[in-house]
Each structure stands twice: as structure tokens, then as C-alpha cells.
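As C-alpha cells, here come the structures.
Two complexes are shown next, each including chain A; its partner changes from chain B in the first to chain C in the second.
Then we have the complex of A and B:
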């Protein structure tokens, strides 16, 4: 170690020389006064008072807690929560035509679509076919939103619900009926500019 | 002014018993509330609510806590010394309860002194009794048969030595100014001016030493939950652990009470005589608030910092304070 230092000094990099200091960027470090002694005790006392002032200001500001089960955190409009399947508002037909593009786009492979032909007179969807089975395994879903992008008919979108905890894994496989239904409790949305 | 308390004033035994029961009941009613108040205040200091689930505003939280602690197994390590291990939490409780006796809630009213007992040696009694608590910690820590406990116990012993002296010296100024050791006389002597103004340095030193005495942040070295896993309490569980916690709050109350009586004019305040204990309690709560405020603010001192603060700053300052006070008392 000492040998290495000696050879470095021999190359003209004498750390003490002024020329060396000019050749590199010198950063002035502002150091506090040395601790200890009477001055140190005095400064520590002053800093203590400053700390007390800081915490007192927090007390006056009051809590910032959002009391979760009673009070929900508002989400952004583009928040990707639980999926929703949509129907046409005028005809009441499902938008999903069972094309399985969402299932193909899904990186977590959590969407299962089984398509069936629409019977004239008893149409389920607007297209030729409809999704007889549409299941999303939410325990696998990574909420990437690719299904929403892949869908040519905007039949599936990411909703705002984030309360999906359950006691059983099998309960997390959401069927078409569950995805079509309106959520029981709406998740609050952040207002503009928030 | 009498140099000592009025020893001629004697009350009937039954009055003494009733008095001690009332003080006991009130203080042990305050203690659980204090735990909630502390946790709620610490929460507020950190932008949160603190416990607010059990009962209205979390008032019943101590009931839940005590219920949990009591229902837990009274665990004891295999290599613990059983009798001393059991004695460990008992001694601090004893010391706290004994110290409560001298806190003055008011002067003699209708033939009843509103205090547990007005001992002529007042402050000496407080120091004597307060030190017993450290025996409990030391014994508890040593008899646990655990490294952490022993380290915590040794730290508390070292801390006691560093701070008891400055604490005593800080009160000496007040004693010289009032000319009495009795807490009742000290409070009476503050009719014109509270001692916190002429003895401000003494008040600061006493409060600092009080933090150390009660093992509170920034001097909670014996407990040091981060590095010593609660120090001498490590091996304790259930209500034995609970009584250590209880003692901590009791000591806070006692130190606040002594500080309020010595520096903040004790029961002095406007209003009729029956308000005196309320005033005393209010002043104590102000000091308890300071305790909590400091806990919410300051980090734990390093061990050498704690020692050097005790020996190099507080002790010379307290000595200087005593000298200046002595000179002023003699010359004026």
C-alpha cells in the first residue's frame, strides 16, 4: 500500500502542491464546528430547540392520515385497477366479441376466453361471436393494461377498484358476470389538478 | 420560615389512610390515560392519529393493552434467578409509589394536608426512594441471565451515577432560596415568584436529569429498543413487563410533580382553595407534555455523549448554579 502511494507521488501528483489543487476540481466542503466543549454544548442546546420547534409545527399541522377502511385514497383517472367489461348502453349488448386478443396480449396469461356463435334473435354481443366464457384470474393479473390496449372494441377497460383481497384463491377468478357488474362501492377519483 | 416541615402537625391515622388511598386511586387512574395520551401525542407529532380504534378516541386502548399483557404467559428464562427475577419489576413499582407520597397537591385545608405526607427531609426522601427503582432494574437485568439485559442494567447503573448528582445539585439552588427541604414549604416560598425564573438553569438541568432518571429519550440508553431490545426488560413478558412500563409513566409523573412543586409554584394559581390540586395536576401535565414532546423530537444519545453531557456539562453547570445562588442568597 505504501509502495503504491510512493510511486503515485513520483509521477508528479503531489497532493500537497498548489499546482495539483489547480488541476482538479476542488469542492469546498462546509463543515460544522467541532463538537464538544462549551460551544458544542451551547450549539447542541440551540439545535435541540430547533428540533423541538420542528416537531411542534408538525403537531399544529395535524395528522395527514387517511383512515383507510372508512376513507379511501382517491385514485387517478388512469389508475389501472380491476377490469371491467362493457355493454352498449343503447342496445344492452356486450361489446366483447370473443376475439381473444386480450388473452393473447396478456403477459401473465391470466385471461381465458371461450367464444361462441351468436344465435339470431338471442344475441349476446354486437358481433358475430360472443364470449361464452370470459375469466380473469386476478391472482395472476399484473394490472399492466395490455388487454385494454389490445381490445379492438373497447370492451375491456381497467377500472378503479383496488380492493380485491379474498380468503380463497379460487374466488379471485372473476367470471364474465362479475366483470360486467357495476362495482358495489365506487372508488373515489382524484379531482382535476390534484 | 421554618428550616424543616412543621413536625407538630399530626393528622389522625384514618385521614392518612384515606388520603393515601385517594392519591393511589387518582394516580393509578391517570397512568393508563397517560399511556394513551403519550401514544396519541407522539402520533400527532408525526402527522398521524395514534391509537383511535378501541373505544371513543382510543380511550380504552390501555384496557386492551393490559388485558393482553395479563393474559400472556409469565415466561421466565431457564437460567434466570427466580426470586430476583420476580423482585425486579416490584422494586421500581414500590419506589414510584413511595415517591408519590411527598408530591404536594395543596397546603393544609380544613385540617387535612393535601399531600401524602410532608416529610421534613422532602427532597432527600425523593432521591433516596427514587434510587430504589434502579435496584429493580439492575436486579432484573442481572437475574435474567441474558447479555442484553445485563448490558441494559449496567447502562442504567452508569446513567444513574452520571445524573443523580447534577439532579441533586440542580435542586440545591431551590432549597437554598426557600430555606427548606419540605416540598410544602418550597411551594409556599414561591408566593411572589416561581423558582423557574431565578433558577432557570436549575430547572433545565433538573428536567434533563429527569429524562435520564426516567429512562426516557434522549437518555433511554438502558432500554434502547433498537440495539439492546429493551435492555433490562428483554426477558420479561406479560404483566411483569407491563409493570416496568407502568413504572416508567409513574416516574414521569413523579419527576413532573417534583419539578412542578420545586420550580412551577406547585399548587399556586388563581381561584379558590379547592382548585389547588387541579392546578398542581395541570402543571404536572404541562411537564408530562414536555417529556412526550422531547421524546418525539430527539434521537437517542450515544453512550459516550450521554456520559460526557452528564459529567462535563451538567455537573459543572449545576455546581456553578449552586455557587452563584449561594452567593446571591447570602449577599441579599
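Then we have the complex of A and C:
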């Protein structure tokens, strides 16, 4: 730019001539309409009002904020929340046989299973073996649901509970008893068609 | 040896050795053919599972690749439509009766049937009929559960039982689809190697109770190490979960164990976490303390015992630990008294002579031997895996077996010639045998005849032939020309696991590191006498329990009590450990980091696999710190530095490093530094231990000893010559491993039928075996093939330990019946 100005003053060329414009690098600046007037006033407030229209319309609708934790978002039926372990309804035996396939499938490596042998007369599960220790470290779990898919006995499923915050990491290691216990249904489910 | 031939498999040129099976040749060409029943370790293929069918051009029907030898120019296809159809049909057929209970099956995740079904199976079942049912799981033995529903009848376990361990207990019973694996009359299958069948089983039909439901393959880590429970030093792989050993598997090493493990090594791991384990340093009375205090107390006590007045006995130790102990005693405490043998052993010159590389046989040489001479040892009890090797040589390669022992051995059935000599008379017999080989007519002539004209003779000899025996063995080796033939030689079965390594690391009274000559040291027996007389005041025991394992236990107890200061390194709370002033914990072979030397000269690395319980620290560090407190700076602060110190001190280990040991070990004879083996010495000097045994005079005189060979004095009255042996199952192994408890032997006195009749004894009678005031209780066990006039007791049993009756010399005992 400075080069173009310099040559314009020094050599006496007409700065508006086409030949001159072709011969140098020019940056053309497009300017908007001059401010002021009716057009200017519309441009200053019109768009703002258009935006405010949306705002005003929402005002009439009232607040959409869900007052968590007093109020909870309903989840879809296939929402993958905290796991549950299951028992057979008729016999009361645990469905889990401690095969450890969930632990194998877990990409976060957060499931730990230690199996043991059932003692006849004091059966824990339906198979030869049962899970003596079944722990899920929920601070590591990524809720992918692979454990549920891997389970050959539908012993573990993903529940709907997503409220697992705690003050202590060690409290997030859920034991078999905690997973087997009937969960407190804190999370509403989305109703049909919602 | 064999001709190399070329064949084509799936369009690939593969070079194979003539006579090799097609399956093995394919593997070399990187072509995988699925198999269930084929296992080269088991010997000849049987072609039972039909999984390995392949198409061979020129043969209309499919052939089993496991049992078809390769031929020059053979063209093989393993992926044609016909083969695929056959493979998927075989898998479908095997799964007809397989319960598919993989989630509860212990094999799940490491199951060949799962893998092959995934890889070659049809992926879908058409079977709608009910599968066959058996009661499950049943105890096949107290250690193994059998699930017959899962069995695919591959014959592997049956072949192992019949052709490898040769106990012939497992059989296939019944016919057709009702066939099942079992024992006669459903008796428990109890045999010393039976754990191997769980590893052989390609499905989950045979599982160990010790590993039942303990872990899945993705929960565990495999850690390779070496078993140090006996001198076989089998290569093992520990299955570790949560830093604890859960299972022991074989780590095939054809040079050492041939891929098998004995049950002692396989199931002897639960003691690692036993309550009796010493899990931290302790002071007198068992008070736990910290390491600093303990090491300072040990150093102060040893220094106070006085220069040259401390002795050390090393037992269960790695080469590095042995080397450090002898340095501490020799350099820091100025005492030459170090030994690593429970009883009197040969002099340095004999040891050096026997260690000559041209005389020493490799374990593998047993396979190709023409004649195997088992001399003064029962491999089943002392080095179990050699028992299988010898059986294999006889069965597969037609080797002849000659046995000369005190006590009937497990191998007697396959022997061509058997000789028995009286307990403690091995040296006589060896001298007679040498003379017989020279043409003289002696008691050993029948045995000598079977050795004559044999090309490759491997002598498997036991350390228990004693110091005279070892000297005589050198002459026998000369007579048999062992040093000249390739593949012939001597293979020792020592009493302790790392006997050879400790000798070579310098734990001998008359030899320092590298078997260099030193003088003035006292042997184990002399140490005991010197402790009792007060000549020695301090004692350093490393991995030994003299009050249980050494001959003459009452004298040892007195000697250790008499010692002013005892430092003991012990794995468990033993009677000896209880008397220690300072007690240090020892690491097990799952925790230790170090090297051990196999009796054939192979250095192998024991690697830490599991965590050390309690407050246990690496032993070489403890020794190094103890040395520092005693004013000896070793500079050892890690395994590599400890190993470097060892290889520097032992010239013939010089060129061995961690990389050359690798996972399979290396024989020092095969390394460049192997040529630096010590020169054999001159003839025994008068006054040296070999010629000291006054009662029998010199060797030349005793050769004509009327006590004779092969058959002892028939004896009069109830007096019999006492022999002892270390039973495979005697000792802590069965006491501290709950699954093995049922195998713990009760003390019994073995006598011949003639003697039993003469003394009016029956099998199972309670008797007292007495010698010179001390006695042990036992029950009578009449044994076939026993010489008359002798009886045998087990060493190291919990009650009635035979070691209490021994005194280092020949012992005769009185047997009196105890009326109930």
C-alpha cells in the first residue's frame, strides 16, 4: 500500500485511471450506507426487535428449567444408568454364575469378579459356580453397556439411576450386595411417546 | 541325521525333516491345522479326534495330518471345500454331546475346543436331541475333578497315564457314545504326576480343585520361573492373580523337564501364604522387629562370636545368595567353615573330577542313551521328572535300564538288571562294578553284563552314594569310558535343589567360588561337633532345618542349643527357626530373583512372580546389608549386581549374562568360559575327609569287606541294617499345602517278607525301631524286591523322623512289636 501511494505522488499518474489501477495492487474497501436517516434508524433497532420477539415469546411460555434435584429429567427405557444384578424370581438364586465375561468385555476394566464353588445345600447361584466377589468401580465405568451384552445369563443389566455422586471414591465401588439390592427408583422414566 | 525334504502345503514350499508328521511340517510353514488329540509329548499320534483332516493330492480320501509322515514332493491342501466341510462336521460331531456350559467351565477362555469351534466350526448347531448326561463334577482324585459331559474322548489323559507316567490307572470305559474316562472300580487316581492331565485336557473335563473357579484367563498374568522344590528345577509358569500364585503350569523346556511337572511342584504353592510362613525379621522368642534392628543385632552377635568361630550351612538358596553367605563367613568373619551338604560329601578333588564337562551328561542325553544306570537314587523321590525321562527313553527309544540301589525304586519294573546293596555300601558296590567291568567275577557281574558293549551310557547317580562312592564313581566313569563317548556321561541327583550351584558358588569347606581350593574349613558334620564342643560359637543357617532334615537330629538340636548365637534364614517357622537369635524370612521360588544351577550345569533364572507377603525383603539385599554391617562392602544392591559378583568370582560362569540365560537357561559347559572349568586335582591326600572314615579303613581295603555287596548280612534276631530315604511327600510340602495333606506319609518300616516272617511281623503291625537308646514308632510295611537284613524308614516325617536314628555311619536297628 505504501508503495502504491508513493508512486502516485511522485510520478504524476492519475490515480483513478484504469491503466494505473491495473498496474498496482489495490485493496478496495466496500463501505456500508452512510449512517443517519430513517434507514439508519431501522438498521439500528429493527434487528434487535426481531431478536427480542423470540425472547418475548419465551417469556410467555414460562420457565423451562428443571429444578434438579427436586425435579428429575425422565430417561428413556434403554438409558444406561447404574447396573443391577438380578435373582431368579422363583428360586431366589442369583443369576450370576461368576463367569467373568462382563469383566472381559469391560473396556474400562472396572469390573472385578472372584468366583467360588457352590456348596450343595447352600446354593448361591443356579450353576456350579457363583460370584463370591462382584464389584463395579463406578468411578471408572463409562456406562457403555458391554457387560450387559456379554452376560450369558442376563444377570447384569443397566438400570436407570444416574445419581451416583459421592464424597469418597471408595464409596463408588459397588459390591454385589449393593448391586443386587432393589434400587431406589429415583429416576422417572419417559412415558410412551414422550 | 535325517534327510530334509520339501513339500507343498497350501501352495507354500515347506522344508521338513523326513519322518516328521504333516501337522508339524505345516506348522513350520505357518499353516495351522487344528488338533485336539495330537500332542508330540505323548509319543506316537493316535488320530482319535479327526480334527486334523487334510487333502493330499493323489489320495482320494482325507488324511489325518497328525499321523501322516511327510513325503518328498507331497502336495497338501488344508483349505479346500472338502477339508472345510470335514472340519466343520468334526466340530459339530464333537459338540453333539458337549454341554456348552462355557460360562461355568473353568477352561472357558483358554479352551482349545472354544478356539477351534470359533475358527473351524459350523457356527450353528443342528442338534435338537438331548445330550448325554453324567453325574458332574466327580472327584477323579482329591486334586482333580472330572466332568465327563465335557469330555471329547481325545485320549490324551489316558495316553499320559499309560504311556508317559505308566501308572496305567486311567482307562476309557464302556463303548460308543457312552465311553468315559475313569479308573478301575472308580478308585481315586493318585499318582505323582497326575496333575499333568489337567494341562493336557483340551476341554474342561479335567480341572484342578486348587484352581477351580479361581480366575479367568483375562484376570491373570503368567509369570515364568523355575521350581526349586527339588533338583529337577523344572521350568514353571505361575498363574498370578492379585499378586498371588493361583496355579502352576509347566513351561516346556525339553532340556530340563520335557514339558511335564510333578504334583509336588504343581500343587506345592499354597504354602507360600501359610500362617507358618516367617513374614518378617524376628528376634529371639519370635518377637517381630524392623529390618534395621534385626540386621544390626545379627551383625553384632556374629562379631561377638569371634573371628573364625562362626560357621554357615547353606541349603535352599540361589547361587547369588550362596555366594554372598560364603563371602560373609570367609571375608567378614574370617572363618573357613561353610558347607552346603546335609551329610558328609566328597572332597573338592572328587567334585571337580565329576564336574568335568566331558564327563557330565545333559538331561536330554537320557533320551538317546543306550543304557541308563541308576545308581544310588530313586528318581521318583529325589528328582521326579527324571523318572519320566527314563521311562520315555525305555519306551520310545529302547534304552536299557540297569539299577543299583539300596531300596527298591519305582523304575524297577522296566529294568534289565537290578542290584541291591546294603545301606551305606554304595562305594563297595561301585568298586565291585568297576572290577566286574574289568572282567572280574564279582557280585556286580550281572549288572556289568548289561552295561558291556553299550555305546552311550548315562549314569544317573545320587549324592547319597557318599564321599567314598563319589570317588569310586570316578573310576567307574573311566571303566565305562564315559568321557569319550558323546552323549554319555554322569548326571547327578543331589540331595538339595541347588546343590551344584552352591558348590560352584563356593559353599564347600574345601573349595571357594569356582571350586578353587581353600583349606581349613569344617564340613557339616564337623561343624556340629565343633558347636557342641564350643570350638565354634556362632552359626549362620540359610534355608536349612537341621533339626528335621539332617542325620542325627538330636545331636543337631544339642549343637544349635549349644551355639552362642544363631542367625537363621528360614521360609517357615521350623524347630530350627525357633532356636534362632535372629530370624530372617526367606523368599519362595515365586518371589525370589536369582539364578540356580541344574545338576547338569544349566544356569536358570528364578524370577519374581508374586508379591512377598508381610515384611519380606529380597534375601541378597539382606545379606548385602548384613555384610556391610560386618564391615564388608559388597556393592550389591540389585539382582544384576549380585549376579555380576557371582560370575566374576566363578571363572566358568564368566561369559554368562542374563541375556544368555534367557528363558531356557544355559549350561556353563556350552559357553566360552566353560573351558575354564577347574582342573581335576591329584589323588586324595592322607587325612582328607575321604580317607578319614577309620572304621572301614581305606577304600582298597574295604573292597573286600565281608559285609559284602548286594545282599547284606542276613542278620540275626531282630537286628537289621537301617536305610533311610527322603520320600517325595515327606516334610513341609504336605504339611503346609492343604490340598496335598492327604499324601503325607506316616512313618513305616519297610522290610522283606523273609525278615517279616522270621520276626513274626505282619503288614500294619505297630513297631518300635530302636537304635542305641533312641527309637521311632512305625508301622510294618512288607515290600517286595527288598534285600533281607535291611529295613527302610522315611526321613523328615512329622512323627517318627528317621533322621533321629542316624549318626553318619552304618546303623543297625532293633525292631520290636508294640502290643496294642
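The rule is simple: the second predicted complex is superposed on the first by the 145 of 194 C-alpha atoms of A that agree within 3 Å, B and C clash if a C-alpha of one lies under 4 Å from a C-alpha of the other, contacts with A are read in each partner's own complex, and residues count from 1 in each chain.
Heads up, the rule we're going with is that contacts are C-beta pairs under 8 Å (C-beta built on N, C-alpha and C of every residue); 3 or more make two chains touch, one makes a residue touch a chain.
A quick note: this is a predicted structure, and the numbers were derived from the prediction, not measured.
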| item | value |
| --- | --- |
| Touched partner set for A:41, first chain B, second chain C, both or neither | first |
| Which of chain B and chain C A:67 touches, first, second, both or neither | first |
| Touched partner set for A:58, first chain B, second chain C, both or neither | first |
| Partner chain(s) touched by A:97 [first = chain B, second = chain C, both, neither] | second |
| Partner chain(s) touched by A:115 [first = chain B, second = chain C, both, neither] | second |
| Chain A residues touching chain B - in the complex, by the definition given at the top | 36, 41, 48, 51-52, 54-56, 58-59, 61-65, 67 |
| In the complex, chain B residues that touch chain A | 41, 43-49, 293-294, 296-298, 308-309, 312-313 |
| Chain C-facing residues of chain A, complex | 97-101, 103-104, 113-117, 127-129, 152-153 |
| Residues on chain C engaged by chain A in the complex (per definition of touch) | 101-104, 108-109, 137, 212-216, 218-219 |
